[in-house]
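A quick write-up on the structure given underneath.
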Amino acid sequence: MLLKALGKIAQTFVVLFFVSVASFGLLKLAPGDPIQIMLGSEYSQASYDSLKAELGLDQPFLVQYADWAVQFVQGDWGTSYVARAEIFTYAFKEALPVTLTLASFSLLFAILVGVPLGVLSAIKKDTIFDAGSAVLALTGTAFPSFLLGILLIWFFAVKLQLFPVMGYVSPWENFRLGIYHMILPGLTLSTYFIAMITRLTRATLIEVLDQPYIAAARARGEPNWRVVWVHGVRNIAMPLVTILGLQLGVLLQGTVLTETVFNLPGVGQMLTSAVLGREYLVVQAGVMMTATLFIGVNLLVDLSYPFLDPRLRSRK
Amino acid sequence: MTDTALQTVLSIKDMTVFRGAAKILDRVNLSLGQGETLALVGESGAGKSTIATAIMRLLDNAKITGSAELAGKGDLLALTERQMVKLRGRRLSMIFQDAGAALNPSYTVGRQLSTTLKRIQGLSRVDAWKKAIDLFTSVGINDPEGRMSAFPHQLSGGMQQRVMVAIALAGNPDLLLADEPTSALDVTIQAQIVRLILTLTRERGASCIFVLHDLALASQACDRIAVLYAGQVVESGTAHDVLECHRHPYTKQLKSCVLEIGTKDLTAPEGTVPSHAQMPSGCRFSTRCPRALPRCVDEAPPLVPARETAPGPLDHHIACWNPE
Amino acid sequence: MSIQTPEASVALPAKALASKRRSLFIRRPFFTIALIVAVGYVLAALFAPYVAPFDPVKQDFNVMMQPPTSAHLMGTDSYGQDILSRVIFGARYALIIGIFSVMIGAVGGLIIGLAAGLSGGWSEWALMRLIDAILALPSLILAVAFIAILGQGVDKVVIAVGLSMIGPFARTVRSDVMQVRIQLFIEAAQLMSISYLRVILRHILPNVIFPLAVQVTIRVSEAILVSSSLSFLGIGVTPPTPDWGLMIAEGRGFVSFAPWMSAMPGFALAFLLIALSIVGDGVREEFDPKLRRDT
């Protein structure tokens, strides 16, 4: 089992390598010649060549890549002119925590609401409740999140004046105020996942409840609530985590959009303004950071499977 | 007159089960005395498992009529679900065919047994754990303490079934239903498990219903046998009655299917069980019966005593217009 | 929670299966409604110039930010452009971008997926890692990265979104190829010395194309969502293109007193996405061989 885990980690590094090459290549593909930009409108070939050599841009691709990779790993990601800060600080220390906070908060909320809803739908299969939750789930998965965000702002912030329209306060610094600012964005982001988790929990639980060990538990006299919540729900953990792992991309996408709607200074905003401002270094750093995060979380999810499903642990 | 020698523990009268339009069980009548073992034999699809499931009231999407009286508890079919929950695991329990599938794959076997003990006997966690180890020992699991932390998939088929037996006996039930407990096991293990179940139930004075398709196994293990065909009981009585003094043509055919070491005679009954759409309204075996009369197709023969001198519920009964 | 007993199952005769297909539209009323709605959008997109009352980019500062009236059924925006016309033309852009980008993604995914599935040994492993790398970024982020290189505009959006969808398609194609590969009839064909290329064309491709087509119909809504998101973020199509995402973004600042600016295109987008989602679900349930359970 340990060998398998190591194998997976090794695979991850290879994937990261490919991603880093692509990210580096991204910069190279970007329009505009940085040397030209630096030299201005009139320059001689000689000064062009010397500047090029100075910046190390005349080296073969792999060497340039290696240089960049070493720098990147050490945390030297370059500087952003717009943000007037080191990209590393900007991206990793400031933008990323915001995104992570929003994403985890929303996901947690979605699980806490979605799983019980799904369980209830499964128990009350084919009733009005089930039909109703199915409709809500369908709408929730298809409804564009940025529109939902705007609607929520319009209704709760503007009309009812219950919540702030936009802005971010870190819950780690000021818990109450932070949560207050995160409720609308969190609700926006989690809606898709509540819908998805409800549907998934319902479908998986129905399959689980059909299994012989559920009938056997009932035959032992287990009360119905235990049969469902202790025996049944325990066995949906694995499929749920698998699918959630696959949906991490959607979570990230949603976070990016929600940040824009609510003006939260996260990775989404960073990337968008970087693209508009032609700050390719920032885009590159953002892409690389996001990919690493994504791959890392996927790896963790992969490694968690044996803990969730005892059948995957080593056989005696 | 009631049977003086034995107290009847379970008495099923005219149990009929409908699933949609299909009549899966047709007026089943069975009796079981205290401490006895009853074998329900028949082909696949005859309804044997359905009877067991119906007694436990775990049969969904089905309409059940008739009665199933458990001594001291009344008609099981008339109880509410709440009342049944109190009985299951305590007065009544069930063992399933595929023990591996009947155990929750996400919890250790020790935990599944000890939580059952905790609930049924009200023990503390520590006491339940100890009691569970004792139970494991009594069902013949070696290294019981080590096995407590095993997951079902880590155990062999025979071991899994022993765990099932342990869980089923945790509440000291009056009646144990064993639904083909050995069909998924190797032949060598089969005998062990059957012997185990019989020994343990006898020790506790409990009664047992074995659902089997193997007549030979039934003859060795059980006091009484009931032969089922397509949802109808065609013959029932003591093992001796059914095996040696059988009078129903189907029982005769079943018996001839049992291979004996040394003989080269391999006979099988002609034809197949009709589908529910084509089921005759009378005796369901009439389509394949060599002794069928015209009457048999339309009128279902009632289950009556084979000898007028022994009309008790636990005596030899047959359902045939033209018995041998 | 019941225990299955053998005599309880009933077989479905062959004749019933045929009429099952035909009665699809009656059996699934929501699917039919959703399909009609989707077709409605397509028609609106096709005949936009004839259906729209105004020129979508015609600005008229006399009627800025008017709520819905009989003259302008969906109101006007901050430039005086008629929102209804812009919404109708928006359908055209959404569907064009959606369909073309999905095509690009499907073709790219098909090539890479076939290559990954048919090769073996190291090259297969490497291609798998490559697909993992592409998939390491969610479609939107990838699309953002591509826009950074390509720039903005409708055509660039199509390419960017298309490229970002190659990953998911490649993965599905590859697993379909793997499924077919391990089936015995492939081995049998090879044993009969049928050339490998013929094996690919006659056996593998048909089994891969069909699920791919199903995937294409499902992912159109995803493509529309991603492209609208790009435009919403301001890095997609350029104004004054009547794109729903762009319109929603433009209306955002005025949401307190002119909510129709964002709401109209927003709901147009939402309804199309919901309709496509229902259609996609229905298509998947009916035609996905993996999900189909023969009762």
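Labels for the chains are A, B and C, by order of writing; each one numbers its residues from 1.
The rule we apply is simple: a contact is a pair of C-beta atoms (placed from the backbone, for glycine too) under 8 Å apart; a residue touches a chain by one contact, two chains touch by 3 or more.
On a predicted model such as this, the values are computed, not experimentally measured, just so you know.
Averaging C-alpha coordinates per chain and comparing to subunit A, the farthest chain turns out to be B. The chain pair with the larger count of C-beta pairs in contact, out of A-B and A-C, is A-C.
In whole angstrom, the spacing between the mean C-alpha positions of subunit A and subunit B is 54. For the pair subunit A and subunit C, the distance between mean C-alpha positions equals 21 Å.
Shared interface positions of subunit A, i.e. residues touching 2 or more other chains, are given as 212, 215, 218.
The set of subunit C residues touching two or more other chains comprises 1-3. Subunit B has residues 58, 96 in contact with two or more other chains.
Those residues of subunit B that touch subunit A in the shared complex are 56, 58, 81, 85-90, 93-94, 96, 98, 101-107, 116, 119-120, 150-151, 153-154, 164, 167-168, 171.
Against subunit B, in their complex, subunit A makes its touches with residues 211-213, 215-224, 231, 234-235, 237, 309-311, 313, 315-316.
Interface residues of subunit C facing subunit A in the complex, by the touch rule stated above, are 1-3, 129-130, 132-133, 135-141, 144-145, 147-149, 151, 221, 225-226, 228-229, 232-235, 245, 248, 252, 255-256, 259, 262-263, 266-267, 269-270, 273-274, 276-278, 281.
For subunit A in complex with subunit C, the touching residues are 11, 14-15, 18-19, 22, 26, 29-31, 138-139, 141-144, 146-147, 150-151, 153-154, 158, 209-210, 212, 214-215, 218, 227, 248-250, 252-253, 256-257, 260-261, 268, 271-272, 274-276, 278, 280, 283, 286-287, 290-291, 294-295.
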